[in-house]
Amino acid sequence: MRSKLRFFFMSPCEKFRARGRKPWKLGVQILKIVMVTLQLMLFGLSNQQVVTFQEESIDSFRHLFLKDYGSWNDETFSVYTQKDLYEYMAFTLNQYVQLPCLSLAKYGYLSDNNGFVAPLNVCKSFYKAGTVDPSNESFTINAVIKKACVDVFPLIPLNGTSIDETKNVLVTLFDKVNLTLDLYRLISVEISFRLKTINLQTVRNNEMPDCYLFSISVTFDNKAHSGKVKIGLDSDAKIGECRATNVANSSLVQKSTRYMMVFDGFVMTLCAVSFLLCTRSLIRSLKFSQEFVKFYTFHYNNPVSWAGRMEFVNGWYILITISDIFTIIGSIVKIAIESKRATSYDICSIFLGTSTLLVWVGVIKYMSYFKMYNILVLTMRAALPSVIRFCCCAGMIYLGYCFCGWVVLGPYHPKFRTLDMASECLFSLINGDDMFATFTEINGKGYLVWLFSQVYLYTFISLFIYMILSVFIALITETYECIKVHQPTSVLSMQPSAHSSHLFLY
Amino acid sequence: MRSKLRFFFMSPCEKFRARGRKPWKLGVQILKIVMVTLQLMLFGLSNQQVVTFQEESIDSFRHLFLKDYGSWNDETFSVYTQKDLYEYMAFTLNQYVQLPCLSLAKYGYLSDNNGFVAPLNVCKSFYKAGTVDPSNESFTINAVIKKACVDVFPLIPLNGTSIDETKNVLVTLFDKVNLTLDLYRLISVEISFRLKTINLQTVRNNEMPDCYLFSISVTFDNKAHSGKVKIGLDSDAKIGECRATNVANSSLVQKSTRYMMVFDGFVMTLCAVSFLLCTRSLIRSLKFSQEFVKFYTFHYNNPVSWAGRMEFVNGWYILITISDIFTIIGSIVKIAIESKRATSYDICSIFLGTSTLLVWVGVIKYMSYFKMYNILVLTMRAALPSVIRFCCCAGMIYLGYCFCGWVVLGPYHPKFRTLDMASECLFSLINGDDMFATFTEINGKGYLVWLFSQVYLYTFISLFIYMILSVFIALITETYECIKVHQPTSVLSMQPSAHSSHLFLY
Amino acid sequence: MRSKLRFFFMSPCEKFRARGRKPWKLGVQILKIVMVTLQLMLFGLSNQQVVTFQEESIDSFRHLFLKDYGSWNDETFSVYTQKDLYEYMAFTLNQYVQLPCLSLAKYGYLSDNNGFVAPLNVCKSFYKAGTVDPSNESFTINAVIKKACVDVFPLIPLNGTSIDETKNVLVTLFDKVNLTLDLYRLISVEISFRLKTINLQTVRNNEMPDCYLFSISVTFDNKAHSGKVKIGLDSDAKIGECRATNVANSSLVQKSTRYMMVFDGFVMTLCAVSFLLCTRSLIRSLKFSQEFVKFYTFHYNNPVSWAGRMEFVNGWYILITISDIFTIIGSIVKIAIESKRATSYDICSIFLGTSTLLVWVGVIKYMSYFKMYNILVLTMRAALPSVIRFCCCAGMIYLGYCFCGWVVLGPYHPKFRTLDMASECLFSLINGDDMFATFTEINGKGYLVWLFSQVYLYTFISLFIYMILSVFIALITETYECIKVHQPTSVLSMQPSAHSSHLFLY
Amino acid sequence: MRSKLRFFFMSPCEKFRARGRKPWKLGVQILKIVMVTLQLMLFGLSNQQVVTFQEESIDSFRHLFLKDYGSWNDETFSVYTQKDLYEYMAFTLNQYVQLPCLSLAKYGYLSDNNGFVAPLNVCKSFYKAGTVDPSNESFTINAVIKKACVDVFPLIPLNGTSIDETKNVLVTLFDKVNLTLDLYRLISVEISFRLKTINLQTVRNNEMPDCYLFSISVTFDNKAHSGKVKIGLDSDAKIGECRATNVANSSLVQKSTRYMMVFDGFVMTLCAVSFLLCTRSLIRSLKFSQEFVKFYTFHYNNPVSWAGRMEFVNGWYILITISDIFTIIGSIVKIAIESKRATSYDICSIFLGTSTLLVWVGVIKYMSYFKMYNILVLTMRAALPSVIRFCCCAGMIYLGYCFCGWVVLGPYHPKFRTLDMASECLFSLINGDDMFATFTEINGKGYLVWLFSQVYLYTFISLFIYMILSVFIALITETYECIKVHQPTSVLSMQPSAHSSHLFLY
């Protein structure tokens, strides 16, 4: 049993020396790291191109359909006067109608079933009924929200009309379908339309170009009725195969796609092998653990603790197994994308990215076979329970500060607007973010809130940076020293210890 | 006595096991955490809406009444020529007069007692008498400040006039009431008026809309007589119930308000119960402490120290008591707001926010019943006296730097303009704020000041980040190790200690 | 001798208890802290007003005399075309001529000895001779720099002329005095003039207004001959007493000035007393030290080391003495300013600021009489020699990086332009400044420089933040633990030690 | 042997005392530090001028040839409409043609072999064939890229034409050579030309002015076909000697150049001497080491380990040798630059900068002869193996995060766009960069990616800042304490140890 136990905890090198067993698993893992990273990089470059095309298209739409977008500071913009509101609306309509003469890319209008060009939709939402008279502090309101729409066809030439004329045209349009913009009742106006385009550039990478259908909506948001109407453009892309394609070097394109799929298949196979090897090892470990338990109970008449049994389950194998599963899923999605059956680039990148992260972390497993390389892993492993317990306590205080900051400072401070932003802001503050800006943002918002923010920020920062971070360092330092003492291979005396591998169990 | 003492320091779990006493208090606390957090979130969402409406309204006023506000970098703006000054004034007057045709929200002019529309007030402050002749270095001044006002009614149509004409109109207006703008005597011009509006959007959350009265004042500040007149708009909101309201689904609104109040009442009751339980425990502790003192003095003939007596007073109970009081006050204010009897949203949010923070911190109390979870609390508690003493010393140096930085760098560096900003800036620098920007801001302000700022910043940062922070870490590390040694449950040997709860006493 | 020695090292409290000696010195110090801080704050507020007036005046000049200054991003601006250059020049001249109708403050032209209004000076510097023909790669140059000037009187009305006409006028002017702008020879053009103004606002604080003489120069800098002419405005203020003044409440102004001087005198007296007491103590210490040396050599036949003798010299007294000298000098300058005999506000603020810093640091002396408060001071004092030695070594590496960064990255990276900026940038990087921005600034400046900057920044940051800072913390932690062990009053066992004051000696 | 060994490890001071050997080497090194730093500073100032001239010239070109460059936020800019595209092209052509009347510097057109002025080249790249119809989702494409060019001579006066006319002119030009801009096929348009200029300002430093040839290309990039055409200007400078020069004080210029070369020669000689001395020492060490090995094996019958032999090789000598080689190479390049035979300023600055860095680091060698100064060096040396091993493990996790961040966040987050930027961003985050901005950048890019970024950033920052940095501090602290214990000269007991120099061996 003892020799079996010793063999069980040997490194691949030692196993080879002891019984001549060749390190197949190690070889598979090294090949896997190279392959998975290569696959990730290939996918990354292709993914970047697709996302960039979408981002740039949305950027183009914003510049084409939003007036003076170049001078906006932000992706949303607000207008404050009636004249501006009508001008911005008219601009969007005008640009849609004149699109073919304006845009640098070739956009196609969508056609409906009868072959006619699809119109642009202008929809307004408003309270069903209501009159407001602030001077007399009186109002009548029916909070039921109604919606009314009107179509604008690109065929109607609004071309030569100046801004003022277009305003008239618009007002006329609204009148026709009883769509007067009663601003005190109006909740929002949405101008929506769809455009088609083709992402040609992929042809240079020997990939077949995709057809894109962009659903674009420009929103004029008057929900708050505060005299400020927010304007924004949203766009949603649907990627699909084009109907009629004719590429000069189509054979090359097909070949390149096929090679890529073969490569993906190879990575998948590799991961499957690695997965099988690891699960085999895991199952063996469990069996061996049961055997050992029987042996131990028999000889020493003492039950083996749960922690003792866990020693036999190698956490690294679990990590590698998860990484393999992620790679396989990612590769399947990748093949689906390449064969134009799916367009979920994000899901694929998350799976492949996470698996690569895990694969690289897994390299540490093989490093820790060389003595003294595993000090980081050992320290982190030993400190983990204390760290988790410690984080629970610190987390409570952190949560309390999050809630408190969100509710008190949220309305006045953009960094505390939502709960997750408050959390991000506090987390950043602990780690040395721009503190002065956070302090001064609250100036001039009322003395009480300012005073509270001062107390809040000074106590939070002092507590977390000075107290809690220091305790954290103390905790890790202590664990490290503990590990050092138990491990005979200290920094200065360099003799390797015969028992150091056992430490890993512990 | 001994068993009593042991029972006194037991955790709820142990008490349950020992005597079957059910953990009522624990149950109340857990329910309270859920309820208080829920209440906070409900209030937070409603509060955010109210504050956002006010902020957006002020933003609208700034865009409506301040010329070219969109291109300002800041909330204040300065003009430097006479022409600009007159143009900015004329713009504000013009916009007020034309308001109904301009604004996207419906604003109502205030009417005076006779039902007439209230005018806009233009007031100027100036030195009583004075002539200035810089060429001859001579001046006559009477520093008594006088004020003169003129009313502008929205009925006077300044509508079709161009900027130059308006300037004339304005000058005429000033002339009429002997209000010539002698710039060398002028201290400030204030244009003030009031507008009414209704915050309709709350109707969607089944709350009754409020009526707002905004007192707006545009100030042209020439106090410094430096050739730079600062322009700014301030607005003060007064929230009140509307006089005549007619909401279609008024029954729903009333029901929703009632439910909310019932919920608030429930939270208050819960807090009252928690408050009573905690005060009972506190009183019992004090009584038991006296009993113990008698017992101890009798048996050991040795007086119990003040610190020893304090062991019986549980700091957690005091924390929970304070949190309960804050929640109750906050809930009362919240009910007053819901029933439209108060509008102090800030006070309510501060009370509720602080109480939630304390409630979450209080959770640590229950965590520390589980062994090993209280290492953070123990370390912080043990380190507290040293930390406070340490902070006193460091605080003296910090204060010295604050004063020194404010007086020397203040006039040249925006981050040191006031004492509290200097303190914020130095505090941020310690914690890793944008240092290079702070360094370079002082460039080109004279060699002496630059040299001083270099010495000042280098010494301050080195002293605080390297020396003082390091001592702090050393202090905490030492305390932590001390605690570890006294507490048998080390990180590596996981057996729970029977005596660890006693450590908490200490 | 022993009792004398013991008495020497007693705290004021102990001295009072031992011999009933009243702590006069302590009383004087406490009064001094209050007074010095009060004086600093009074001066700070008045100083801020003076500096703000100057800064705002320069800002006004920039807006008045530089075209489109409002849209500049920086204090310097560049023009790239000949048309722009002439326009910017013409604008400055035009504005000077029309100043009285433009400015919001009242500026007076300077008059020369004959009572005529002083002209504006336009001076150009240029190479004595030279022709440049880049097409043929040939040039003739005489590097001697010549200067030619022309006067422009505000009486010449350039008023109604448009930009293009003014350009002609200018060109004509230059022609008249043979001042053609041969751009390839031109080094710089400087337009300089002087304006007078009065800082009236001080009258509200019951101070007599000052007369200011601003020497303004607008520079068009073509030194680099790179096709980019930099424009900037510099202004130099001279503050003086006005000649003819007539203030309505002049008696009040005089009284307020007198009170202020009395207060300053009181502070000076206080500091003089403190200075005398401290020097007396220092002299006594030295005498006592000599006495002790004799005694010790006689009894123990062993010479006292230099370090042993230094124990008798109290560093705190030296600190207080320096602070007193600074306060007295600062107060003298302050009185000179108040009596209008000096205008060196900066020097005064530096002296007063530094003295206040030292006074507050000096408070720690009295804190350290209470046991356990002096742990910070003790640790810092004990660590000082190691820290200095450590800093010498680290400083060498730091200096090497500074030189290297300046010469290699300087031309490409604005943060490394000069040696002191490189030092500031590296110092900021160690303390967590905006690192990503520093990294990316160098992108696109050539591959070699980019690669070097990567190696440079990664190694510098890793070396300093990870290695050197960690060694620093280790150094302080070790000293702290050492101090703790020697000082019986540990954090946990709270008994005060009888010998702790001796530790201070050590 | 023993005395020899002792002598070998003596410091120069001790050697002088022991045998009267004068410290020549030390003298050479000190002189070298001064000289090398002086040389670096002289070169730095001259280098800065050259680079500044190039940077300012490129800036001038951008302002001259790119429309509205002053209002761009970035060095690249995008246009979105056909009208803008033609306007920006026409502007560049127009400016080139009118250059002599526009620019403030004197630029010369290049002439071809026949003496005619060289034309500006307009080249467009486009797909060989293709039609795109997004409405029908059909396209025909031949991905072969073709290029077509047209010349525009500065002689053709496009001077008086308005924007619209120029557009027509351009279109006509394109038509003439069958160069219609079919936007759906167009990949890019490049306008390229060359200009000559002379950097006159060096004449003031008594250096001969250089002639510059700038190759400028304005690119309109439509690669992505996303409706966004990016515009950018690149410029490449070639520095050469001018053909015909005539400088008034040419003798002074020549003398100054000669002096500089003599100085460089002196530095080179000094470095050569230092290099020879160091290599001699290194060779002696090796010989002595072999001798010692023989002696040791003979007497103790025990082979000397590799580490033991390395003790005899002084790392400092290797450092100084490298520094010498770098200085010599740098000086040679510097002389080549001064004699107008090379223009590789960057290479020279990198060599001189690196050598200066090494020279300053080398100072620590001499410091460590004084006891107690070498604690930093000893600690870093002792910790190095652990640090490297530790960094390998941490580096794996870091690499994993880099890959993962690049592929998942890259397309959405500008800080993760390329692999090296992702690495810079993560490295900056660890060291306290602007974290909140990094968090919020990803908002509104899809829920899945946002969620991933949250998990990614929180885990990365927590892991690295809290766990890994703390382990690092623990590692250094432990090494430091170890060193302290082995070195008898502790912080508090100041007696120098006789054996401390041996520690350096170890």
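When the chains are written out, they are named A, B, C and D in that same order, and each has its own residue count from 1.
The rule we apply is simple: a contact is a pair of C-beta atoms (placed from the backbone, for glycine too) under 8 Å apart; a residue touches a chain by one contact, two chains touch by 3 or more.
The chain lineup, named per UniProt: A, B, C, D = Mucolipin TRP cation channel 3.
Keep in mind that this is a model prediction, so the values were computed, not measured.
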| item | value |
| --- | --- |
| Shared interface numbering between subunit D and subunit A [over half = same, under half = different] | different |
| Angle of rotation relating subunit B to subunit C [CA atoms, steps of 5 degrees] | 90 |
| Distance between chain centroids, defined by C-alpha means - subunit A, subunit B (Å) | 33 |
| Mean-CA-position distance for subunit D and subunit B (Å) | 47 |
| Numbers and ranges of subunit C residues touching at least 2 other chains | 383, 432, 434, 473, 475, 477, 479 |
| For the subunit A and subunit B complex, residues of the former touching the latter | 78-83, 85, 127-130, 132-144, 183-184, 222-229, 307, 382-383, 385-386, 389-390, 392-394, 396-397, 399-401, 403-408, 410-412, 417, 429, 432, 434-436, 439-440, 444, 446, 448-449, 452, 454, 458, 461, 465-468, 470-471, 473-475, 477-479, 482, 486 |
| Partner subunit C, residues of subunit D touching it in the complex | 37, 40-41, 43-44, 47-48, 50-53, 55-57, 59-61, 63-64, 75, 101-111, 195-201, 203-204, 209, 211, 240, 242-249, 346-347, 349-350, 352-354, 356-361, 363-364, 367, 372-377, 379-380, 383, 387, 415, 420-421, 424-425, 427-428, 431-434, 469, 472-473, 475-477, 479-481, 484, 490-492 |
